[in-house]
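After this come two complexes, each holding chain A, first together with chain B and then together with chain C.
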Partner chain A sequence: MRKVSGIRGTVRALGAIFWKGIKHYTRYPGGFLLYLILPFLFTLLIFGMGQFIGGGNAALNFAARTGTSNILVYEILGSAVWMTSWVVVEDVGVALRDEQMKGTLEQNFLAPVNRFTLLVGISLTDIAITTCIFFIVVGVTLAFTMPGAYLGLLQAFLLLLVGLVPLFGIGFLFAGFVIKFKEPYVFTQVVNLVFGALTGTYYPVAILPYWVRGLSGVLPQTYVIENMRQIVLANQTLVSLYGSIFILLALALAYPTIGYAIFKQLEKKASVTGELSKY
Partner chain B sequence: MNSRNISPFMLAEEFKAAFMKDFRSYVRQPAWILGDLISTPLWFFFFALGVTIFAPATQTSGYQGFSYFFFGFIFIILFSTTIWGTGQSVKNEQMAGTLEQFFLAPANRLTLILGRWARIFVTDILVIGYTTVLLYLFGGGPLILYQPGMFLFSLSLFEVGSIGFGMFFAGLTMKMKSYNTLSNLVFFGYMILTGALFPVNVIPVPFRYVSLAIPFTYFIDLMRHAALLTPTILPLFVEYLAGILVAAVMLIVGFVTFNWIETDARARGTIASN
Partner chain C sequence: MNPVDVKSLSKTFETREGPLLRKKKKSLIAVDNIDFSVPSGQIFGLLGPNGAGKTTTIKMLCTLITPSSGDAYINGNSVCKDPQKARENLGVMLTGERTLYWKLTGRENLEYFAALYHLQPSDSKKRINYLLELVGLADRENTVVENYSTGMRIRLSFAKALLNEAPVLLFDEPTASLDPQSSRLIRDIIRELKEKGHAIILTTHNMDEADILSDRVAIIDHGRIVTLGSPSELKEKVKSSDVIEIEARNLSDQSTNALESFSEVSKVAVSAVDSTDDRGLLRIHAEKGKEVLPRLLDFLVRKRVSITKVSFIEPTLEDVFIAETGRSLRD
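== the complex of A and B ==
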C-alpha cells in the first residue's frame, strides 16, 4: 500500500489527526475543564493541609524551605506542569488503547500513514491543549498575584514547550507498554502519581531521599518545574539557567528516540502475536 | 416483573449474586488490584510530602498527627466508593454494554447496586489494612482508635448516608454525558470542604458555611472524634442525633431520586445513551 509521503502529505495527515483530537476535546469539554480546575483544587488541598499542620508559621516554614513566600504561584506552577504531563500520559500513552476500545485501531493502522506521524499528530493536539491549560491556569494566577510578570510567563511557556518534547517521548514509550500490557487506566493512575511525587510538584525535590532524587533527575518535568519557579519567582532567565536547559534538550533528544524505538518493537511484536486485537 | 413478591431471602440471594459478580470481575483484573495496592500509599506519601514544607523543621510528626492525616485518607477512600462504586455502577454497566441485561434481570436493581457497593467496601477495607501495615513499617506509627464502638457506629452513619448519595449520583450519571468530570469535581470538593484532611475551621469563613452545610462534614467529624477524641463541631449528642436523621434522609432521598430518574430515562429512551 502506498504511504502518505512528502511534506504536504504529512502535514495534511498531521492536520487531520490534530483536528480529530481537538474535536474530541470540544465534544467532551468536561475533561478539559477538569484539567483547568484540578491544579487549583490540588493547590487548595495542599495549602489547607499545610495551614493546619504549620499553624500561624506555615507561610514562614514554607518560605524557609522553598526560598519564596509566594505559596500560590509556587504550587500552581508545579500543578500546571503536572497537569501537562497528565494530559500527555492520558492522551499519547493511552491513545492507541482508546482506539482499540472504540474499535477504530484497525482503521488507523490501515490508513496510509506511518505510526510516527500518528503519534506526532496526537502530540500536536496535546501541544494545543497544554498551551491552553498553561495560559489559563498560570496566566490567570500571575495576572492576579504578579501582574508585571509577563516576560517571565513567556519564558516559562517556552520552557514548557521544550519540556513537552521529552514528555512525548515518554508518551510513545507508554503507548507501547499499553499495547502490550493493556489496562491503561491503572497504569496511567500510577504513572501520574509517580510523576507528581518525583518531580517536585508541590515541594522542592531536595526534600526527597538521595536515591529518589536520582530518579527525579531523569524526568524532564523536574527541570521544567524547578526552572519555571526560578524564572517566575526568582527573576532568572532562560539564559542564566542554561545548564539545566541543556539537560532538558538532551532529554528532548533521548526520550523520543528511545520511546519510539521501544514502541515500534512492542507494536511489531503485538501485530505478530495478535495482541493488537485483544482486550 | 416489578410486581413480583420480594422476600428477604430473595433479596439476600440477589445481593449475594451481585456481590459475587462484581468480585469476580475485580479479581479477573489483577492490574486493578495491583493499582489499588500501589496508588493508595503513593497518594498518602505524595500529600504528606507536600504538607511537610509547611511544618516546622523541629516538629516531630507524632502519632496523633499521623493518625489525623491517615484517617483523612480513610475518609477519602470511603467516599471514593460512593462516587466510583455506587455512583458509577449504572454507567459502568452501560459502558460494558450490559446495562440492558442488568435492568431486564428479574432482580431489584437497588440490591444489584448495593452488591457492587459491598464488594468495593470490602476491597477498600483490605486496601486500608494493607496501607496501615505498610505505613507502620515505614515508621508512620500505629493507627489510634480510642472508641472503636462509636467509630463503627459513626462509620455506619457515613455509609448509610453515602449509599443514599451514591444512589442519587448513580441517577445523575444516567442523565449526564460528562459524568466523569462531575465525579472528579464532587470528589475534590469533598476532599477540600468536608474537613477530611484538615479541620473545617482552617477554611475561610464564606466557604466554611458551605462546609457546615455538607452532611459528610459531620459524619467525618463524628468518626474522627471517636477515633482520636478531637472536639466536635456541634455538641456531641446533637451531632449524633443530626447524623442519624441526616443519614436516614439521605438514604431515602437517594433511593427516591434514583427511581424517579430511572423511570424518566426509560420513558425518554435515554437510558442506554452515552
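== the complex of A and C ==
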C-alpha cells in the first residue's frame, strides 16, 4: 500500500479533516443558522435596552461615546466578531471532547497523525464557517446601510483572518482543558460570555474600569472589533492601524504557541490517566 | 524481532473516590507485568472476563494509554518512545459501534480515515472498494452510518482497521453484538489475514471464538496472564479431571461452596444461564466424575436445589480459566 509521505500526507489529512467538518455543518445546518441569526438578535436586544435606559438621548449619547451615529453597523461588527470567537471556542475547544463522547476521538488518535494536524484541520473548517458568517452578517448589513463599502468590508475581513489565529490558540487551550476536566459547555458558555463583556462587543472598552481594560488588552477580539469599526465607520485603513495590528500579530504568535503547549501537556496527562477513553 | 513484543508491561490507574471533600486516592492495577510476543501469521487471543485488563492492554499497544512501566514494540517501534511509528504499523478495531462518524456515509468514513493514514488517493479508492465488498457493505456504501444496523456498523469498523494493510492488527471483541452470520464472516476474514502473514491480537470473552481462531491464547485475570499456550495445550492441562455441568434453580453460595468439600472435586464455578431467570450453571471439575456424581446430586437435592439438566462435557478454555482462577469467565 503506497503512502503519501511528509508534507503532502499532512496536507491530505488536513483536507480530510476540513471536509469532514464541512459535511457535518451541512448535514447539521441548525448550528450554522443559529450563528447567522444570533448576531442580529443580540444587536436587537442591545438596541432595545439602549432605548429603554437612554431614552430620548440614547442616540446622542451613543454618538458622543463612539464617534459614530451608525448604531446598527457598530453593533453588528461587534456581534459578528463575537460569533466568530464563539464558533472557534465552541468548535476547536469542544470538538475533541465532542468526538470523545461520540467515541471517534480515539479513532483519530489511533491514526499516525500529529495531534497538531487534528487541531489545525478543525480550525480550517472554522475559517470557512466564520468567513461565511462574516460575509453574510456584515455584508448584508453593509449592503443595506452603507452600500458601496466593499473596500472596508474586504479590509475588515483581512483583519478578521489575522484575528482568527490567536483565537485558534485560545481554542487549543480549551481543547486541552475539556479533555482533562470534561464539562465543555460550562467552560465555553462562561468564557464566551466573558469574552463578549470584555472585548467591546457592544460598547467601547474605554467605559470599562481601568483594571478590566488590562484584561481586554490581552484578548485579540478587542483589537479586531475596535479596528474593524475604525475601518468600516471611520474610513481608516489597515496600514494606518499598524500599531494595534502589530499587537494582534504578536498575540497570533503567542496564543497558538502557549495554547498548543498546554494542550499537549493536558493530553499527555489524559493518556496516562486513561482519560481519553472516558465518556 | 516479532511484529509484537510486549515486555513487562504494567498499568496502574490512580483514582480518587469518596464524598466530595473527603476523596481518597486509590490505585487500581489494570495490567500487571505481562510479557508476550506475536510472530507473523499468528493469531494471539487474549481471553478473560470483563475488567480483566484486555482492553487496557490493547489500548497501551495502540498508544492510547501510556504504560506505567515496561514497553511494547510494534514492528520494532516502541509504543512509549515512538508512538507515531508504532501507529503506522497498526490496524485497530476497538469495541463498539460508536467508532464511526454517524453523519458520514460508509464510504466517506473510510475515505476520511484513509487520508489520516496517508494512503495514496488512487490506492485508497481501490482499497476502499475492496474492503466494502469484503465486509458486504458495497451496496450500502453511500448510506449514512446512522441508518446502518449495529452489525453493519461493526463490519464497517472492522473494515476501517484493515485500511492501511498494517502488519499488526488488534481486534477488541470484533464479533461482540454481531449476528451468527456476520460473526462467521469476520472470523473467516481474520483467518485469511493470518494466512497473509499479519500478526493478529484478538481480545474476547467468548471462549469458543478464542478456541477456534487463536494459535495461542493468554488467559488474563486481574491484569495478569495466568496461563499461556495453544488452545489444545491449555485444555490438555485440565483433562485429568472430568467436567460436570449442572443446570439448576435455587443455587445458593453456601451449597455451591460446600461442593468443594468433596475430596474428588477440585474446582466449582457458577454462572447465570440467562440474566432473565434464576437458573444457574454449575461447572464442577472432579476426578472420577461418574463415581462422585450421584453423591453430588444427592447433596444438592438435600440443599433444596432444583436440578434441570446434568451433563459431562469436553473441557473448554472456560475450564482452563476455572482451573486457574477458581471462577467462571461469566462471573
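We adopt the following convention: the second predicted complex is superposed on the first by the 273 of 279 C-alpha atoms of A that agree within 3 Å, B and C clash if a C-alpha of one lies under 4 Å from a C-alpha of the other, contacts with A are read in each partner's own complex, and residues count from 1 in each chain.
The rule we apply is simple: a contact is a pair of C-beta atoms (placed from the backbone, for glycine too) under 8 Å apart; a residue touches a chain by one contact, two chains touch by 3 or more.
From a predicted model like this one, the values you see are computed outputs, not experimental measurements.
Of the two partner chains placed by the overlay, only chain C lies in contact with A:104; chain B stays clear of it. Of the two partner chains, chain C is the only one touched by A:112; chain B is not.
Contacts of A:134 after superposition: neither chain B nor chain C is touched. In the superposition on chain A, A:64 contacts chain B only, with no contact to chain C. By the touch criterion stated above, A:263 is placed in contact with neither chain B nor chain C. Legend: residue contacts after superposition of the two complexes on their common chain; A:28 is shown touching both chain B and chain C. In the superposed pair of complexes, A:223 makes contact with neither chain B nor chain C. Overlap of the chain B and chain C interfaces on chain A: residues 28. Taken together, the chain A residues at the contact with chain B in this complex read 28-31, 33-34, 37-38, 41, 44-46, 48-54, 57-58, 61-62, 64-66, 181-183, 185-187, 189-190, 193-194, 196-197, 201-204, 207-208.
In the complex of the two chains, the chain A residues touching chain C come out as 1-5, 9, 12-13, 15-17, 19-20, 23-24, 27-28, 102-104, 106-114, 268, 271-274, 276-277. Chain C meets chain A in the complex at residues 13-14, 56, 59, 62-66, 84-85, 87-88, 90, 92, 94, 96, 98-104, 108, 111-113, 115-121, 123, 127, 144, 160, 164-165.
The touching residues of chain B, counted against chain A in their complex, run 29, 31-32, 34-35, 38-39, 42-43, 45-47, 49-57, 65, 69, 177-178, 180-182, 184-185, 188, 191-192, 197-199, 202-203.
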